[in-house]
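One chain, chain A, appears in both complexes that follow, with chain B as partner in the first and chain C in the second.
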Partner chain A sequence: MLTVVVGGRSLLGSLSNNLLGAVKTTHEVIPRLHYNSIFSQQQRTFIQMRTNLKVVDNSGAKRVMCIQALKGRRGARLGDTIIASVKEAQPRGKVKKGEVVYGVVVRAAMQRGRCDGSEIKFDDNAVVIVNKQGEPIGTRVFGPVPHELRKKKHLKILTLAEHIA
Partner chain B sequence: MALSGRLRSSLSIFHQILRAESSLPLRYATHRGFGIPNIATSECLRNFGTQAKSSEANVKETKLQILRELAPFQNGFFRSGIIGNNSFCRSITTVGHTEASLGQDTSASPDIDQPQRIKFKRLDKTAKHIMNILDKEAVESVQAKREIPDLRPGYIVQLKVEVPENKRRVSVLKGIVIARRNAGLNTTFRLRRLVAGVGVESVFPLYSPNIKEMKVLDKKKVRRAKLYYLRDRMNPLKK
Partner chain C sequence: MRLEKCWFCSSTIYPGHGIQFVRNDAKIFRFCRSKCHKNFKMKRNPRKLKWTKAYRRLHGKDMTQDSTFELERKRNRPERYDRNVTESTLKAIKKIDKIRVAREARHHAMRMKGKKAIEQQAAAKELEQSIHLVKAPAALQEDPSLTLPKMKIKVSQSQTEDRMEE
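Moving on, here comes the complex of A and B:
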């Protein structure tokens, strides 16, 4: 049974069957039963293999696909680093299509709890391409970034950001 | 039936005394010998039942007798239960003889206690109720300290939040409340706002000490308690 994420943690986030549930939530065919209220809301989960992410810096890539989440058995969350493959790139940029790059997740659709009891959640999944040392390749970062990057020591991204959420 | 009524009244007064005094050794005594006062009070009540008296007088006597019962407990906390029993029983008999004189002494105090009777439930039922009481007390203490406006879905609010992530600066957040979840002290509300072109939703506990100030800017008319349909809308007016 899929649960609605209203304001707290959902227990299903930890079950492995949710890997499929996140994909097929909105397209379930339920005959004659009014499950609209439950299934119209998606259960957002981790960023894992095959997740498409938006790139929000000026490194040249447009979209990347995650191929590995470093740290986290179930996937990456807000503020984590991933290994990604560039799927779409601008013609003249620092990265080309098909390259394998590292990235830092700066916006995630899955809510991330903060130490004071509040939670934050963005509308999309976005990543900033970094090198192996954790420094961003691009020189500008678009959109808001969360405070969680400070704890993860991605201070350069924080200074480049135009807004800290 | 009348006897059970008197028993119940005496036990409620007993609990009032517990709450009024709230000293640790007294609590221990009551926990350890909780079964004993029940038997004792029933015995004493049986003694009193033989004499025809008004209900107030009975209440006074039972109260006095309970005080007398508690006194040996306080003294005999470190002794074994048997010794406590003996002194206890002894005290009952003495009280039973001199209750006539004692009945006239305290005529005022039980009358004050009478309107404040706390209903006595079974211990496990009382335990469930205690969490409710504690929760309400915590909410009231926060309400007294800070002025927290009523937040409903559809309100556009402006928050001044202090973020604990190494940042002492107070940030201003402005957005629309799309949901409110009531859970006593953990009442939370969801705020949706457009930040630099991206929609951001945050969940805040209503009574969080990090929220320095809350101001309601506007109230939109909505016909729903949870406005999750706004996620698809992305209206750039005020989110």
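Moving on, here comes the complex of A and C:
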């Protein structure tokens, strides 16, 4: 179900240290005042290995799992490219299940800072499948896409998009 | 640069503040601060929260219909830059703001009218009912100036000293 993703290995390390220390049961009963606040405030993080993403073009794939973020040690963000494995595909499409493809992240639940200081975030994680050169394989893109793609030179995706956020 | 309005509390969002949330149906929600954002995530209705402008407008606490609001509407057509137009617009903005503030103050005054009379009546009633908490009823007989209505009494020297000691 909903889990709080603890970003950063150091925090996990300190938790495990506490386990080995004197008090063993505190890791389950970390004092939290409002339980509902955990469920409504998820900590959103990067798109990393094993992240499932929705495919929002008509290339044939439906769901894709990230196997590598090309840039970024901690993972990919909005506008980055990833390498992914197709997990679910439509029967007659340009890509088949089990194929390894490149993708551009067009929607990310983690907020990304804009150059004017504001932040933008989307409802889900979505990707558009591209080839090695960065051109989209499909011919349509669904849903809103961010401005950030312009800077990353994914202009073809921007032209196909129905709404630019 | 554009000054947006917060979706939740309707305050202006200045550059560098706030978060934009884009839903999958391409509707953009802008929030001025995390308070509004968290309330939105909790699915609270701004029309029910007293501190939002939506509530205030809905419940008649703030002015809703006014000609000064028409001038502030969002226009999506970009205007060609004209120096004179810009200058006069800037002057007009200041003047319109002043007028709007004056009208809102008047609206507030109209709303609060009659409050003083009610307060006076409530105070008089309370004095009548609860004066025994302050001074014993026996003492009131001697010093009837503490009760209402005011009566002219002959003030003798000993009574004025009594009052001064209190």
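By definition in this document, the second predicted complex is superposed on the first by the 126 of 165 C-alpha atoms of A that agree within 3 Å, B and C clash if a C-alpha of one lies under 4 Å from a C-alpha of the other, contacts with A are read in each partner's own complex, and residues count from 1 in each chain.
We adopt the following convention: a contact is a pair of C-beta atoms (placed from the backbone, for glycine too) under 8 Å apart; a residue touches a chain by one contact, two chains touch by 3 or more.
Just so we're clear, the structure is a prediction, and the values are computed from it rather than from any experiment.
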item: When chain B and chain C are modelled together on chain A, clash or fit; value: clash
item: Partner chain in contact with A:K151 - chain B first, chain C second, else both or neither; value: first
item: Touched partner set for A:T139, first chain B, second chain C, both or neither; value: neither
item: Partner chain(s) touched by A:G117 [first = chain B, second = chain C, both, neither]; value: both
item: First, second, both or neither for A:N52, with chain B first and chain C second; value: neither
item: When both partners are placed on the shared chain, which of chain B and chain C touches more of chain A; value: B
item: First (chain B), second (chain C), both or neither touched by A:H163; value: both
item: Interface residues of chain A shared between complexes with chain B and chain C; value: 41, 107, 111, 116-124, 143-144, 162-163, 165
item: Of chain A, residues touching chain B in the complex; value: 6-8, 41, 107, 111, 114-124, 142-144, 147-148, 150-151, 162-163, 165
item: Residue ranges of chain C touching chain A (in the complex, touch as defined); value: 1, 13, 15-24, 26, 28, 38, 41-42
item: Of chain A, residues touching chain C in the complex; value: 40-41, 107, 111, 116-124, 143-144, 146, 162-163, 165
item: Touch list for chain B against partner chain A, complex; value: 163-167, 179, 181, 186, 188, 190, 195-205, 208, 210, 226, 228, 231
